[in-house]
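Chain nomenclature is as follows: A, B, C, D and E, assigned in order of appearance, with residue numbering initiated at 1 for each chain independently.
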Amino acid sequence: ADQKSSITVAAAANLKNSFSEMGKAFTAKTGIDVTFVFGSTGELTQQVKNGAPVDLFAAADTKSITGLAGEDLIDKDSVKNYAQGSIVLVPSKSAKFQVKYLGDLKNKDVKIIAIANPETAPYGKAAQDALVAAGIWDKIKDKVVFAKNIDETLTYVKTGNADAAIVAKSLVYGSDQKYYEYKAWNQLYKPIVQALGVVKASENHESAVKFANFVTSADGQKIMKNFGYEIP
Amino acid sequence: MTDLDFRPLLLSLKVSTLATFFIILIGTPIGFVLARAKFKGKSILDSLFTLPLVLPPTVLGYYLLVAIGRQSPLGKLLENQFGINLVFTWQAAVIAAFFTSFPLLVRSAKAAFAAIDPNMENAARTLGRSELSIFFTVTIPLAWKGLMAGVVLAFARALGDFGTTMMVAGNIPGKTQTMPIAIYDAVIAGNTGQANVLVLVMTLTAIIIIIVLNTVEQKY
Amino acid sequence: MLHVQIQKKFAGFQLDVGFTVSSGVTALFGPSGSGKSVTLKSISGLLAPDQGEISLHDTVLFSSREGINVPPQKRRIGYLFQNYALFPHLNVAENIVYGIRHLPKEEQQEKRTKLIQMMQLHGQEKKKPGEISGGQQQRVALARTLATDPQLILLDEPFSALDSAVKSSLRAELLDILEAKNIPAIIVTHDLNEAYSMSDHITIIEMGRIMQSDNKWNIINAPANIAVAELTRAKNIFSGTIAKQEEMEKTGVNTSWGTFFLTPSSPFTPGKTIHFFIRPHHIQVFDPEEKHLPEENILEGTVTNIISHIDSHTLYLKKTSGPADDVVFVKVNDDLFDKLNLAKNSRVCCYFPPDCIGVIG
Amino acid sequence: MTDLDFRPLLLSLKVSTLATFFIILIGTPIGFVLARAKFKGKSILDSLFTLPLVLPPTVLGYYLLVAIGRQSPLGKLLENQFGINLVFTWQAAVIAAFFTSFPLLVRSAKAAFAAIDPNMENAARTLGRSELSIFFTVTIPLAWKGLMAGVVLAFARALGDFGTTMMVAGNIPGKTQTMPIAIYDAVIAGNTGQANVLVLVMTLTAIIIIIVLNTVEQKY
Amino acid sequence: MLHVQIQKKFAGFQLDVGFTVSSGVTALFGPSGSGKSVTLKSISGLLAPDQGEISLHDTVLFSSREGINVPPQKRRIGYLFQNYALFPHLNVAENIVYGIRHLPKEEQQEKRTKLIQMMQLHGQEKKKPGEISGGQQQRVALARTLATDPQLILLDEPFSALDSAVKSSLRAELLDILEAKNIPAIIVTHDLNEAYSMSDHITIIEMGRIMQSDNKWNIINAPANIAVAELTRAKNIFSGTIAKQEEMEKTGVNTSWGTFFLTPSSPFTPGKTIHFFIRPHHIQVFDPEEKHLPEENILEGTVTNIISHIDSHTLYLKKTSGPADDVVFVKVNDDLFDKLNLAKNSRVCCYFPPDCIGVIG
């Protein structure tokens, strides 16, 4: 009983706000404590691969989870898509030119545009895909700076060093940060579907499954919605 | 002002003190050998000891993770024999701090030992003292200032390590979340106020410790 | 009893020495760079010779043949370093007891007190080496060495930084201690007077070779070669060829300064080239007007320079007809100096008593 | 084996060489003053110079970003007057490497200068040489070994800096992507093979440079 | 012309000296720890005194009153350090020209060649200080100082590490150079003979105070106080009270060794306590059986110890009825020593010639 009373969850950085809520609700319901390890999906993948003692891994994509499942490090049966994220355009308060549309990024007063590193962060990949699809990537790519993860991307606009950034909606949804999003962008990049899975080596398998189920339950999905995610 | 969580500070102090302790224990003799012994390949060995400084901390952390993780021979041994998993424990943070910081002590120690007049040790030899006791009563005191400079550097670096610790020990509040990680979280989360408070606490702590170490430096 | 027979090569310097030291004090005397410190270091074990053997009281300390090299710690040989090598982080008292830390506390204390007394270091116990004067530093180094009761003491110029008042009393005391404890010692020194008055035996080294190792009387009066004569400040060295022997009792030598006669019994074949010397204080000086001069071994000259000492004066004499650069040194005492009213450019007559003329080799 | 992009390596070498150059230029006199001058608050100043080592690199980077960024007085001045923007340029990477590494040189230099026998400089004074020329002809050569130890440390640290550079210079392939950032990307993207190749190249480069610096260390 | 009048305080040591140095060589003579090096450092500007004034040839170098403190670079005062302070990273030639780098290359080279010649350093030019012997190091330091043509040279024990052969020639050469260039010099030395033979003027310092600063003859023959007498190895110092004057020509002093008579003209009031001394070589020794002994100033004693020098012997005499510990030192030359057949426990008679007795103060 004692063992079941606590689990450790590795969660992608974009989940920082939403999963903190999730944890509270889950503990209230089940009495099981949850500890979170936040990091970029890439870093967390490496940690899980090398036996970090986490019970569940919630990534910012599906690829990482299915990859780990393929290596038999994550329980195949437990893999679930639990949220779908989207990207938004964030102007810097201090920017000379306030962007509203992707096309505004071409403006000569927009000197620096921040996105997350497409190689390591799913949200960065989505941002790049969208800009390519919109046909403006080649015109602005010299103004683009890659941040390590989606968190640091936002820091660049917040400190006014980037004139605009493309970040995960969940990071700005409900905050006083101004941002823009349009339905039409959905066609520009593959949906950012986020998957989770229970770690094979977990000693708290049962509790981990409980948490996974809670995230995909109606209660859990409501919390995700509250933070700006779509339900997959 | 937010209610301050002192656990990261205490953890950081524990981790960096222990790491520095092991660094002194292992790095001092290595520095001595590098300063005194003459053997083939010394120069390469010497530069190998500096490598941890050259690798990006996260990458160093990655290699450590691979080396001590569950999939590694060491990790398997520990898990099967003692049921221990090092990854994501505060002990892992000590290991991370150890590897990032020990080049600093080794180099300082090497320079300090090389500067000693060999006649000092020769005099002690003719007075009949054993090599070991000469090392502790003559060599170490004469190298003291340089050694302490290395200790200060190593301790400071251990206190500030972020990337390596993050990789092998994770970021588990109350368990492996050290001060640098807490500060990083606060900065990135945009809690500038909290971040500044944490940085202030960290800075004051570091200044006090460095001043204390500087005083110890004056011992000889 | 110490036997040394070693070789050691450095770039541009080759040491190849062999000598024996019995009880008592041996002075190792030689010019700077001759290999004195290297020899001492080899004996103490701080430096391994390339070849040879060192043994002390029948214990082999080093032998290249048998592959023996006893570490310095086990040799029980005290060493006083030329630059003291005091531990700068320890105070005077701590330096002194450094080598006897294994003894009971009271015994350490007793020795320390005795040595501080002997070395006149009262009140300096708590000072660091950097805070005491050069002479005091040297005395601390001496005390530190003596504390360990060594079987042999090596002293590398132990008195060079001392002031003369302390020096003469320390010399006498050191000799007393060595004699009382029956510790043989080798003293390296540049000071011939010191070598002579402190030792029984003098070993002369030059350019890595032993020139002569003998009792001190022989070193001074029967130098084995010109190098020894020069090093022992024989000062006036002449070379010449043995003259035809006119009478049985006299051996004449023809030199560029004239002919000089040695003691009657000198057995040299005529025509042989020899070197001989006379020390400045053995030359007798007369007023040139003096009537009753000896008939032989007389040299007339002009005083070109005078160096005054406390109780005597050294005259630099040049012979008008002599070789341009050569000088004869003559030492005269105060009384005679005043009596003859000597000054620069005075003319004097010198007599070389035959029994004061030493033959070299 | 992937086709190797040499730009990160060349950039890293350029950045860390320049940073080390400025560190030597500024850190050496600071180390000298800390070793010799006597003034109030020296101990605090001393520990302040060690702070960059204690702060997590990313946090140091954050503060630098705020300090030299476009919203800072300095940043505004540069942008308005000269149309220059420092952040996200390779110059910013030099600044980042400078700040992370300069404590290493300052500490080593301080220890090296403190160990010099003051009579050496006194002798030079009585020989009529100016204080400046004494500094270069006597003080520096006598402190050489310790200084070079500091230079090796600082250079290695500058070469390996990741967090700070990442924060102020960003990750712009071909422009600000240094070797550590490229390695990080490869590791985190799971390209273990490419990562190992990069680490190998980086390691060999570092070893060569350290061996060269070790040789220079023997100069005096 | 150098005027020094300075005070400097250290923990446990207070320097308070005043003296004047004219042309020629002045010896600063005193026991270790007396403040010689501190005085030299103050003159050279390496150490700022707390108070006072230093001037050289009418230029004020230091004045606490006027707030003047000329930096050492501008003083043109050469300094030879006690521990040489050679630059370990420069070779011998580079060390020598260190202070003349501003001169044209040929001039540097010329000076260097001349100095290497003078200091007998041929073949050592490319060596580092750590690779040459102690004596060679000292000569390099001397050459380095001389290269800068200083107005005044301060030498802190310049000859202590030299071997006697090199020493005497270097001494003579140094004096020649100083005289030729007319450079005044202050030589710190522990060696009284060196002080006497190298200098015109001797300044005696003890415990931070000048005891006497005078021409060398007065220092030796008319010491101002007991400290000076002891430091100049007067050796045999007696204290006594002036006896009632029986005859006009004689002044008698009653001491624990008996009554001694000074020179006729000594003007002392009876009952006054005075100190007087006689140097060991001034004491005349006789066989106790000798018939024609002087009637006064005779002392009988037993030889308790003998120290042999190259041309003489020092006897330690004890008077059976004298104070238990007191010893009279007598120096006899070889000839007399042999003639009287002296050995330990010999009994001898000594005569103190009145004109050789010096009164202290």
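Following the convention adopted for this analysis, a residue touches a chain if its C-beta (ideal position, glycine included) is under 8 Å from a C-beta of that chain, and two chains touch if they have at least 3 such contacts.
Model, not experiment: these values are computed from the prediction.
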item: Partner chains that chain C and chain E have in common; value: none
item: Chain B and chain D: spacing of chain centres that average the CA atoms, whole Å; value: 20
item: For chain D paired with chain E, centre-to-centre distance based on mean C-alpha positions, whole Å; value: 57
item: Whole-Å gap between the CA centroids of chain A and chain B; value: 34
item: Where chain C touches two or more other chains at once, by residue number; value: 83
item: Per-residue overlap in chain D, given as positions that touch at least 2 other chains; value: 58, 62, 184, 187-188
item: For chain A, residues contacting two or more additional chains; value: 43, 46, 152, 155
item: Touching chain combinations (by label order); value: A-B, A-D, B-C, B-D, C-E, D-E
item: Of chain E, residues touching chain C in the complex; value: 30-34, 37, 82-83, 132-136, 157, 160-168, 172, 190-193, 196-197, 220, 230-231, 233, 279, 281-282, 307-311
item: Chain C-touching residues of chain B, taken from the complex the two chains share; value: 117, 119-120, 122-131, 133, 137-138, 141-142, 144, 220
item: Contact footprint of chain B on chain A as seen in their complex; value: 8, 10, 16, 35, 37-39, 43, 46-47, 49-54, 151-152, 154-155, 158, 201
item: List of chain A residues in touch with chain D within their complex; value: 40, 42-43, 45-46, 67, 94, 111-112, 114, 117, 119-120, 144-148, 152, 155-156, 159-161
item: For the chain C and chain B complex, residues of the former touching the latter; value: 41, 44-46, 71-73, 75-79, 81, 83, 85-90, 98-99, 101, 144-145, 148
